[in-house]
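Below you'll find a set of structures to go through.
There are two complexes below, and they share subunit A, which is joined by subunit B in the first and by subunit C in the second.
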Partner chain A sequence: MIELSAYTQLLVSYAILGGVYGLTALGLSLIWGVMKAVNWAHGDFLMVGMYTAFWTVTLFGIDPYIAAIVAFILLGLIGMVTHVIAIEPVVEKPGGHEATLLTTLGISVILESLALILWSPSPRSYQNVYKNTFLEVLGIRTSVAEAIAFVVSIASIVAVDQFLKRVKIGKAIRAVSQNPVGARVVGIDVPKIRLMTFGLGVGLAGMAGVLVSTFYPNIRPLAGYVWDIASYVVVIFAGLGTIYGVIFAGIIIGITEGLGTIVFSNAFRQILVYVVFLVVLLLRPQGLFGKALRRV
Partner chain B sequence: MGLELKFTRKLIPAAILLVIGAVFPLFADEFLVSILMQAYLWAFLAMSWDVIGGYGGQFSLGHAAFLALGAYTSTILLQSYNISPWVGMWAAGVVAGAAGALVGIASLRLKGPFFALGTIAFAELVKLLLLYFKGITGGPLGILITKSGPENMLFETQTPYYYLMFVLMLAGILFLKWFESSRFGIGLVAVREDEEAAEGVGINVYRAKVIGAAISAFLTGIGGTIYAQWIHFIRPDILVKLEYSTQIAAIDVVGGAGSPYGGLIGALILVPLSLYLNALFGGMIAGLSLILYGVVLLIVVVMIPGGIYGLLRRRLGRKFSDKRRG
Partner chain C sequence: MDTKAWILAIVLLIVGLLVGYFAAGPGQAKTVTVTKSVEKTVTVTKTVAGTATQPAKTTTAPAKKVEVKVGVLLPLSGGSAFSGQEDLKGIQLAALHVNQSKYPNLKFTMKLVIADTQTKQDVAVTELRRLAQEGVVAIIGAYNSAVTYPSAAEAERIGLPYVVPESVSDKITAQGWKYVFRTCANASKYAYDTLWAMADIAKANGVEVKSVALIYENSDFGVTTTEGLKKYLNKFFPNAKIVHEESYPAEEVTSMDDMVAKLKAENPDIVFHVAYLKDAVLFVQTMKKLNWYPKAYVGAGAGGQTRVEFIQQLGADANYVYTQTEWQPDFLNSKALSKWAWINDDFKKLYGRDMVGSSALNYVGTYVLAVAIQKALDSGANPSDIKAFRKAVRDALETIKIPAGELPLMPWGVDLTVPNHQNPEAAVAMAQILEGRFRVVWPIEFAPVKAVFPAPPWGKR
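And then the complex of A and B:
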């Protein structure tokens, strides 16, 4: 029975990782929903969030979870600047989706190179007690850092959902996402909503980056890439533009990775994820939780 | 008179550029030759992408996978079966083309950004499979090309590679020029503009997309062989990079997608820029060249939507029509 509990342990860790995938994917999903733009630099914003944690914790000695708030605000601002430079000028033009893909690719390249120049390619990590303290529930051990990351991820997703349902700006965001023309007709400032959504999406990525850095201490300029791919997989899996879908999709992807590790091997784990992803993409392009796309 | 005008306006500049390209290695140093040579290779890859990405309007971000499939096919044939890459490159094209057909089938269901994301996942999958089947591919260690001799497409100096890639690039332009006025090419553009209308006038959308993607991947696979022969060494993580996939697409978009010259123009601007800056600052500021690369991409996409070729054509077109009017 030792083996079985080891498997359970593994699956739980992967499910926790999946919950964090959900948060990393949330920002992408929001941005897609409102402006139908693929944010290619998403993983790099995550990376900047990780460095924000590193610098605030090592320089000012503050708690990494306060750094998460700092990163949310800082990245939110960076996100708005990015939006003004790279998204707003092209998003409404014909071929705008492809154009945003390329402009955010430009931003991605710029961020990665800046990080390389400023902070060197060698990985960094910072001291934190959460990583080395462990919790044990029903015989399953997990670090406090992972447990907090999971809880904060779920809480953030719920918070964003409530924000979209109850707050005026949130409602406007939903309106633009559902029908941009109609939203404009009823007097919503659509470009402003796009700006705020992009800021929010990037801010969430920054926060996710800090959470990831608390239990996955491998902060380097290209760290965003792994999370980038994971986020896209989750977003497609959930259906672009759904909010709660990302939690379930994240956890499903996490568990799929775990199962892949158990049944096959660690090398096969990712192969399985991509195969599942491509199958879902082909059979149900609207995602598992998304509504069927209407033909326009 | 029309013919004469066309002759002086088009053929003479083309001939001059051709001669400059052909005699370039005689006058330039090895570094410049190497830069231009790589620009030709990337130009060819961008032109290959253009078939499905530009003319077909299917924005692929997985072309590095076709590059790798081509490189692996010919290299395995060379190293394990002693088949020369002059033959192997066609096999490379066929293997990559078959994979391209699969992606083409996927494009029937995946529209716009969904297709782009699907191709990214496809490329990742190809990379993981190359890593997984160690017995054939050498896994993470890759394959080193140990043969030699021109009969195996291996040369001692850079100059023969320069001419190889020069010819490859010219072949790419000629192919696209033929392609864009061919029945099939026109049909593919019609599918890009309006699938339903294309179907209405009797174009088989399924066939157009699948064959278009297969042609694009076939050409990219051949490019992969040439690339492998030049660097003498292949490994999954250096070939199947998202960076490469995006670079291929970006070069074409910057130069002007959906035109025979876009790939070359984009490559002549972006490739030397990044290589030259790398050589200049490489040791001190790694990454500086990439920043400029990002900035150029951003500026072109935001300010010059049709790419540089589109801009040139609009400018020149206006000039000529002004003259005619005057």
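And then the complex of A and C:
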């Protein structure tokens, strides 16, 4: 048995980890939940974000949080290019949404292979002060890097949620997601809005990759995989189309994972997460915060 | 199907086949190119050697040296290509030293015939048969245990001596094979030596170890190494209890807070951790985050903690970590092994850096094979009668006994006279990271520095 203080420490640690899951899931939620395109390469964009951090920090010595902005812009551009070559040509065809699954799978394979060729399979990480500086509140410790990732996670989720609700382009994104034909009728440039949504989603994935890389020592071509799976679980768990739900879903999954390791052992960490995931889906197929589809 | 599609498919097929043919070339030519590049290396080093000071003087070569072909079976492409290339460097350097008469007792020329296993079992067996047809007298290889095993079985079947310098799986020498010899330690010995080293180090520092914890990644590597640790634990630490044991999936683990928190509560004296790189780094980072460190944190099985990236990624936080290591250039700073520094110097001149475990182990394996070939020649066996000569080399291998200190580079000797041909003297050294470098701390008599035990807590570093 572990003491109460250790137990609280772990709950906090895993809640923070869950917040980070929320952050990695945000870009996916936007593309999949709102835009209804399946982005199989999400984890690979996270990976490119991690490498962006590695190279900018080690080559130019800039702060990793500036690298996060660089990655947001760079990945946003890469996302738009991806959209032009892999999403837009198929998305309006019959079965278009399923087709995006295959085209983005192709992008995923290309990105992973390129990363292997360019940067080798060897895992990397970079030194930074944030992961070596610690905050201590009531005996509970965490690294500054993780605390910042958690705060940025909440801030960006709130920002994206408000952007979709209040800003004109955000409203247009929602309109396109709900009714592309209607949106076109009222004069919205649908392909342009889709392009921007995809770019924004991929940009957010890149930024999340940088924030993860500040404390998680595993920058390598297949590094996105772990966070990718977690992101899919978080998005489904939260419910397609909700943005703020992502943060709660992330934290719940983080804590569930923690409880699995505390109560049972590390071998159970994934099992418990998926059991809870399946139970929630059985009870609420639309996800925790999603709206149920009405029969027409 | 419409005609256009048919035409397009056929054209593509023809273009593909043509491109493939010209890019790859016919099969046999491949080996020739590889051998050529070896000869090229030889010439390069010859010029280098002229300027170097060597212990054995390069006298004018005797008029006619017997040439003996040795087959090299390594993963030069595929998943383990990186390691296979490193192994090859060690073997080529050893052959070069034999050919340059750096070892005055070895009076023949070793010609390497190199084959690529592509990290595949079936390819390895096929390539071994081809090497046998090309008239090699023995094989050295094949890095991956899973590839070494079936190819060694085939060598046994056709009566071709097979020297294993690096694959560790226990079963390779557990079959009672007559033609298979292993110069390095096997997997159980890794676990055995981890405990032996830590027991010696604890004793030398006057610390009694009462509790240990075993943390391991849950694939074959972690599980078998940990089984070995459990098997021998009480032999070396009769009073120690295992207070915590836990495995984890290395690929999926995103946080190790839970394990470190549990360990912090139990506070074991030594933590043995079988890990790959990422999880090893994450574990040390988490220990720092939760402000806890055992008396000794030991990387068992020469996994992630033994890689240079481990130090690069953790910086000063990597200090005081123990890790098993097959070989470190630091050995050459010890009194007993400094006489072999010239080998590493030659390696450095060729490749611009020190040897690593893989190249050093393969150098040693090749050296042992060369000694056996010389013994076979001395016994009067005729290399042109290939079958009889292979038998003579096998018989010679079975009589090999080289005491520690006389074997190049390694702090151990070779004894292949044992019935299973598993060198019982091969040991796995223990290094400790001190001031950002791997320093050899065990075997104590070959260690240039003394281990720091117990490690200082985080606050006092």
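Just a few scattered comments:
In this text, the second predicted complex is superposed on the first by the 288 of 296 C-alpha atoms of A that agree within 3 Å, B and C clash if a C-alpha of one lies under 4 Å from a C-alpha of the other, contacts with A are read in each partner's own complex, and residues count from 1 in each chain.
Assume a residue touches a chain if its C-beta (ideal position, glycine included) is under 8 Å from a C-beta of that chain, and two chains touch if they have at least 3 such contacts.
Quantities reported herein were computed from a predicted structural model and do not represent experimental measurements.
With both structures placed on the common chain, the touch criterion links A:106 to subunit B but leaves subunit C unconnected.
Legend: residue contacts after superposition of the two complexes on their common chain; A:97 is shown touching subunit B, with no touch to subunit C. When both complexes are overlaid on chain A, the residue A:270 reaches subunit B and subunit C alike. In the superposition on chain A, A:38 contacts subunit B only, with no contact to subunit C.
Once the two complexes are laid over each other on the shared chain, residue contacts for A:217 go to subunit C alone; subunit B is not touched.
By the touch criterion defined above, A:182 lies against neither subunit B nor subunit C after alignment on the C-alpha atoms of chain A.
With both structures placed on the common chain, the touch criterion links A:143 to subunit C but leaves subunit B unconnected. With both structures placed on the common chain, the touch criterion links A:127 to subunit C but leaves subunit B unconnected. Residue overlap on subunit A between its contacts with subunit B in one complex and with subunit C in the other: 225, 267, 270.
Residues 59, 61, 106, 109-114, 116-118, 120-122, 124-125, 128-129, 131-132, 242, 246, 249-250, 253, 285-288, 290-291, 293-298, 301-302, 305 of subunit B are the ones that touch subunit A when the two sit in their complex. On the side of subunit A, the complex with subunit B involves touching residues 32, 36, 38, 85-86, 89-90, 93, 95, 97-99, 101-103, 105-110, 112-114, 116-117, 121, 225, 229, 232-233, 236, 267-268, 270-271, 274-275, 277-278, 281-282, 285. Contacts from subunit A toward subunit C in the complex involve residues 2-3, 6, 9-10, 13-14, 17, 122-127, 131-132, 134, 141-143, 215-218, 220, 225-227, 230, 257-258, 261-262, 265-267, 269-270.
Subunit C contributes residues 218, 246-249, 251-255, 257-259, 261-262, 264-265, 277-278, 281-282, 285, 288-291, 309, 313, 315, 317 to its touches with subunit A in the complex.
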